[in-house]
Structure formats: C-alpha cells, structure tokens
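Working notes for the structure below.
We call the chains A, B and C, going by the order they appear; numbering starts again at 1 in every chain.
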Amino acid sequence: MALSLEHTEEYMRDPRKHQFSPYADNGGTSIAIAGDDFVMLASDTRLSQGYNVLSRNHSKCFKLTSQTLLSSTGCLADVLTLTKILEARLTNYAHEHLETMSTTAIAQLLSTLLYWRRFFPYYVSNILVGFDEDGKGVVYHYDPVGHMEKMTYCASGASVTLIQPLLDNLVGGKNMKDGRTTPITQDFAKRLIHDGFVSAAEREIATGDGCTIYTITKDDVTEETFKLRKD
Amino acid sequence: MSILQYNGGCVVAMTGKNCVAIATDLRFGTQFSLIQKQFERVFQVGPKLFVGLPGLTTDTQTVLQRLKFRIKMYEMREGRRVQPKVLMAMIQNLLYERRFGPYFVSPIIAGLDENDKPYICCFDLIGCSTDPEDFVTAGTCEESLYGLCETLWRKDLEPDDLFEVISQSLLNAVDRDAISGMGAVVHIIGLWSDSYIAIFNFCVGIL
Amino acid sequence: MNISRQLVNPMLWSGGPVPGEFYEFPRICRKTESDPLKHTLYPSTSGTSVVGFTYKDGVMIAADTKGSYGSLSRFMDIDRLFKATDQAVLACGGDIADYQFIKDVIEQKVRDDECAGSMKVLDAGSLHCWLTRVLYNRRTRFDPLWLDCVVAGFKAGKPFLGFVNKIGMAYEADEIASGFGVHFSLPMIRDARDKKSELTKEEARKLMRECMKILYYRDCKAHHKYQIADITAEGVKIDVCDFKKETNWDVAFYGN
C-alpha cells in the first residue's frame, strides 16, 4: 500500500476533536494471471472498514468491455468515482469511434485519469486485464498516481504482500532451477488463485468471505465463485 | 519505520515428519544501506536446538549472550541440557524482565524435544509466545512468509521436502523485501533412526 | 478567566454550551476566520445510528428522534428520516443541519421532476447514485456533508437498500446500519436471517423494534422514540414508535 491510514472510530475520539479525513481503507485483494490465450482476474468479496465487515458480497471487478476487466481496491469512494468516469469515457469513445476501446488504449487512459489527480490522489490499487495487439493475455498494474506496468501476473490490495511472492515463485518461476518452462494453463491458474486467496484469508483480516474469478478468452467472459472463511 | 525494521532480516521455522527446519536470511544493514551479507541470526544452543533472533541487531547479540549465559547456568545447576520448552520459558522470562524497555527482537525456537518430537515456537518482543504445529515466522518480511508458508506447507513433510518448502518460502519472501535477503542459511534437524540425529546446514540463494 | 468556565470540568461537559454564558457554538476555529468559506469539518447537532434491512415484501428502515449536541441531549423530537418519493426513503445519521439541507434539496428536486412532467419517479437506486456523487463532490472540495445516509426503497421493481457516507463511500446490501448499529444491530439482523432467510412483515417489525431497543440500552446518544419506514410495492408507510414503557432497567440498579 502506498499510503497508510490510521483508523479510529468516530465515537472513540473526543467529540470536540472531530477531524475530517477524505480517505478510508476498505480492504479487498485481487489477483490477475495471464496466459497465452486467456487471462484471469479474481477478487475477494469482503468490504470492510477497520474491524467492521460492511458487506460479504461485494466484488471489486468491473467489466469495462467484452475483452477488458478492471479490478480496483482501496478507498471505495474513489473506486466508485474512478470506475464511473472510466465507464463514461469508454461510452464516449464507443460513440465517437464506433468501436470499443482496445485493452492497451484503456490501460493508457486509466494511467492518465489517475495522474490527473496527482496532488489529491485516488487511493486505489488497480489491475487491468485483457489482450494486447498480438492477442496475448496481458495484465497492467497501477500505483495510486498512475504509474503503469505491463506484466503477466500480479496481485494487489490488502494481501499483496502475502500473495505476490507466491505468484513470483509459482507463476514467474523465481528461485527455481530452470525457471518456468511450461506455459500457464487455465486449470493451473485457477488452482493457484484459489490457494492464494485461501492462504491470504487465513492471515489477513481485510480479505475473506468469498472470491469471484473471471476468465476472459477470445470468445467470452466466464464467472465463477468460491467461498472463503468469514471470520 | 519501526526500530524492529532498522537492520532488516527474518527467520522462519517449520515442522516436518520427525524433523524441524529453521532458516534465516544473511543481510545485515542499517535501513537501506548494506553492512554485511554473511550475518547469521540463527544460533545453535543445544545438540538439537536452535534459536533465531531477528530484529535490532544490537539486541540480537545482547539477547544471545544473555541467553547463552542462562543456558550455561541452567545446565551447570541442573546437570542436564535445556529442552525446547525450557528454553521457551527462559526466553519468556528474559524478555518480560524488560517489559517497559524491551529488547527489539522477535525470537524463534526450533528443535527436537526430549522425545525427539519436533518443536517450534515464536515470541513477540516482550515474551508472548505461541507454539503452533505448522510453522512460525518473524522479521521484516513476516507477512510474505505467512503467505508462502500457508500455501506451500503440508503436514508430515520428509526432510528433503521440508528443505525445499522452507527454502522456497524464505527465498521468495525475501526477494519482495528490500531489507532482507543476500542469500540464506537453512538448518534441518532430523531424526533418521531411533538414535541417530543429524543436523544439515545449507546455504541457499544468491550470495 | 471566566469563573464558570473553571467550574465546569470540560471532560464532563464536552462539547456542550458553558452555563451562565452566551450561547456560543463550540469549537469555532479562530484560525479559519480569514477563510471566507465555512466548512463543516465537524458535526454540531448530530443524530446517531440508522438501521435498515430488506424483508419478504420490501424494505424496513428506522432512525430514532434524538439530536445530540456533543454529549448533551439537545433535541428529543427531530426527524432523521423522510419520504422522498413513493419508491425512496432517506434516513441519515450525522449532522442534522446537513441532513435538513440535503432533504430540502431532494424535495425541490422531486418537485422539479414533477413540474417538468417527468414520466419516471425518482427511485431509491437513482437517489442513492445521486447522493454518492453529491457527497463525493463535497468531500473532494473539503466541504463535506457530515452524513451517513441510508437509502431504502425500490429500484426497477426490486427492493433496494444502499448506504453512502460523508466521503462518498457507497454500497448496497440486504442489511445496513450506521454508527453503533454496525456493532449491535447488524449481528442481530444477520442472526435472524441465518435462522429464517425470508422475514415476514411482522417478524421484520419485531426485529427492528428489538434492534432499536438494544441501541437505546447501549448507545447513550440513542432514544426510545423512533421513526420507522416500511417501503413495499404499495408505497411508503412511516410510523413513529416509542418503547419507553417496555424497557427494563433493573440491571442498572443491581446491588443498590
């Protein structure tokens, strides 16, 4: 996380010393893994604030086009605003150009939108997934002020420190004798996402309740869910 | 940044089938600058007993010296070696004596007990301990270690599998932590037959 | 130094007016005097929890009628819940002045729609969405409306329950509470749902009464009198309830 927010419930403070913070940390974790002909995006379904669970059924994934998905975690108020603006820009583009925006173009647009708020940032960790010009699965990862990196796999959000090294090892083949030699299959990616979330839910309080996995291929987007621990 | 993160470093311990493993990275630095890359923070304190002391290095060294002293006193007075659970109580006392001006270390114990059963244990900096059956982690990349251990660890791992699991857990965790790394040392304490106990020490990762 | 100010322990009378002095708003920050803009960066008269949940026929939502001024129980008969349209009810915790302001704006908006001959009535989904934008916009200008809003009603013919707070954080759920309701009422509602997934109107009303009662027992800023809105396909019904006579305070005198 780029920023750390100190959390105090309102009623715990001296009523005379009410202070206004424009940010909140609403938790949430996402994982993205890209293969040669598919890309997967998954997020947990817990919405939290401090020690409170606000909702157990709140997915952080947004379907932008038939080939591009976005996952945003962090401050929910900013997530809602950012995705609304993004969706409006995509609709405008579609009306002006009579075609849907490509993943690579959306990736650049998102970076620009984030940087517009450089000095009052959206407190959001984004992952954008889709296909590049060659039709290969891609994952774009962002920091809150618009730094963008193209990858083949990544994690973001509350449990990023728990999951990212796992992906480095098992998807990236880091610290293996010959690295990764075989291509990623859908089945392998799905199992890894499952294990990653189960492990994270075990140790991280802002992650849990359930998980939604979206799989995008050339033809369609499929969705499936599984349960995580609720405590 | 917390004083616990001033020098960097981490330790992890795991149980297996009739064996335990404890591993540490080798970096010693001050914040983001490197001082030494051959610094071990896991120490053998008995024939089949190890202790890891990640945290502020000056306290690592002080706690180690005071612990060695207490172990020797115990062994002279009692005429027997310290067992893991004895060491656990010893560390609890040592740390809690400094309740309001603590040593900034989060110790980890790994060893085989008097019945050669695996035993692992970890503490916070004022001596609160827990001895789970699977694994314990401490240090600057504790969270990453938890993420990996939760996924890779299985019950009743054989020594060679345990070595692989603990090595991969540690190496991939330290690679995502700027103030840990510079290679690692893994110690496997195993019961090979009824009476034969062997300890293997390995250096892994980029040195 | 004023004597009355010395007599009053500030911790006991926190946020309240000083006795024997002119009535003055507390916590006026002198530093911002040069600032031409007046921003609500703290609440004055405030309301406490709001509780709402969906049931078989629609949505139920309740808020008590107390307005607190710091730790002083300042107003006992304030409304914090109103019917915007036949399909939307808004209830708020937080600053009462901000609630009354947003209420006026919404009512004017509904009238404008009517006068313009709009074919569509503002439903709960639209009101919720509109509120997220208004509140987010105000927080971005560092001039927030200090509110925890719960919107209840219907959206495209289906029961709807949504939350928005002062920073524009919004979500929809089958049970929503704000303030102390998060800690006391949400577990009660979720527990009731675990036992029976679809609550009837009577069960829902009874559950709501129980929620408000527990809040009255435990939240010192809650009140025994409360407004309850029941939104069904037929429309909105708002009642005022009072359970003062039912409460049992024996435990408070234990040992005396």
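Everything below uses one rule, namely that a residue touches a chain if its C-beta (ideal position, glycine included) is under 8 Å from a C-beta of that chain, and two chains touch if they have at least 3 such contacts.
Chain labels with UniProt names: A, B, C = Proteasome subunit beta.
Bear in mind the structure is a predicted one, so any value in this text is a computation, not a measurement.
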Task: Pieces of the assembly after leaving out chain C, positions unchanged - done: one piece
Task: Per-chain Cα centre nearest the global Cα centre, belonging to chain - done: A
TODO: Starting from the mean Cα coordinates of chain B and chain C, work out the distance between those two points in Å.
DONE: 52
- [ ] Could you grab the centroid distance between chain A and chain B? Build each centroid from C-alpha atoms only and quote it in angstrom.
- [x] 35
Open item on the list: Counting only Cα atoms for the centres, state how far chain A is from chain C in Å.
Closed with: 32
- [ ] Using the touch rule from the top, collect the residues of chain A that touch chain C in their complex.
- [x] 11, 14-16, 18-24, 26, 47, 49, 52, 54-55, 57-58, 75-77, 80-81, 120
Task: Residue ranges of chain C in contact with chain A within the complex - done: 14-15, 26-27, 41-43, 70-71, 132, 136, 139-140, 142, 144, 163, 166-173, 179-180, 182-183
Task: Complex interface listing, chain B residues touching chain A - done: 141, 143-144, 146-148, 150-151, 167-168, 171-173, 175-176, 205
TODO: Under the touch definition given earlier, write down the residues of chain A that touch chain B in their complex.
DONE: 159, 161-166, 168-169, 174-175, 195-196, 198-200, 202-204
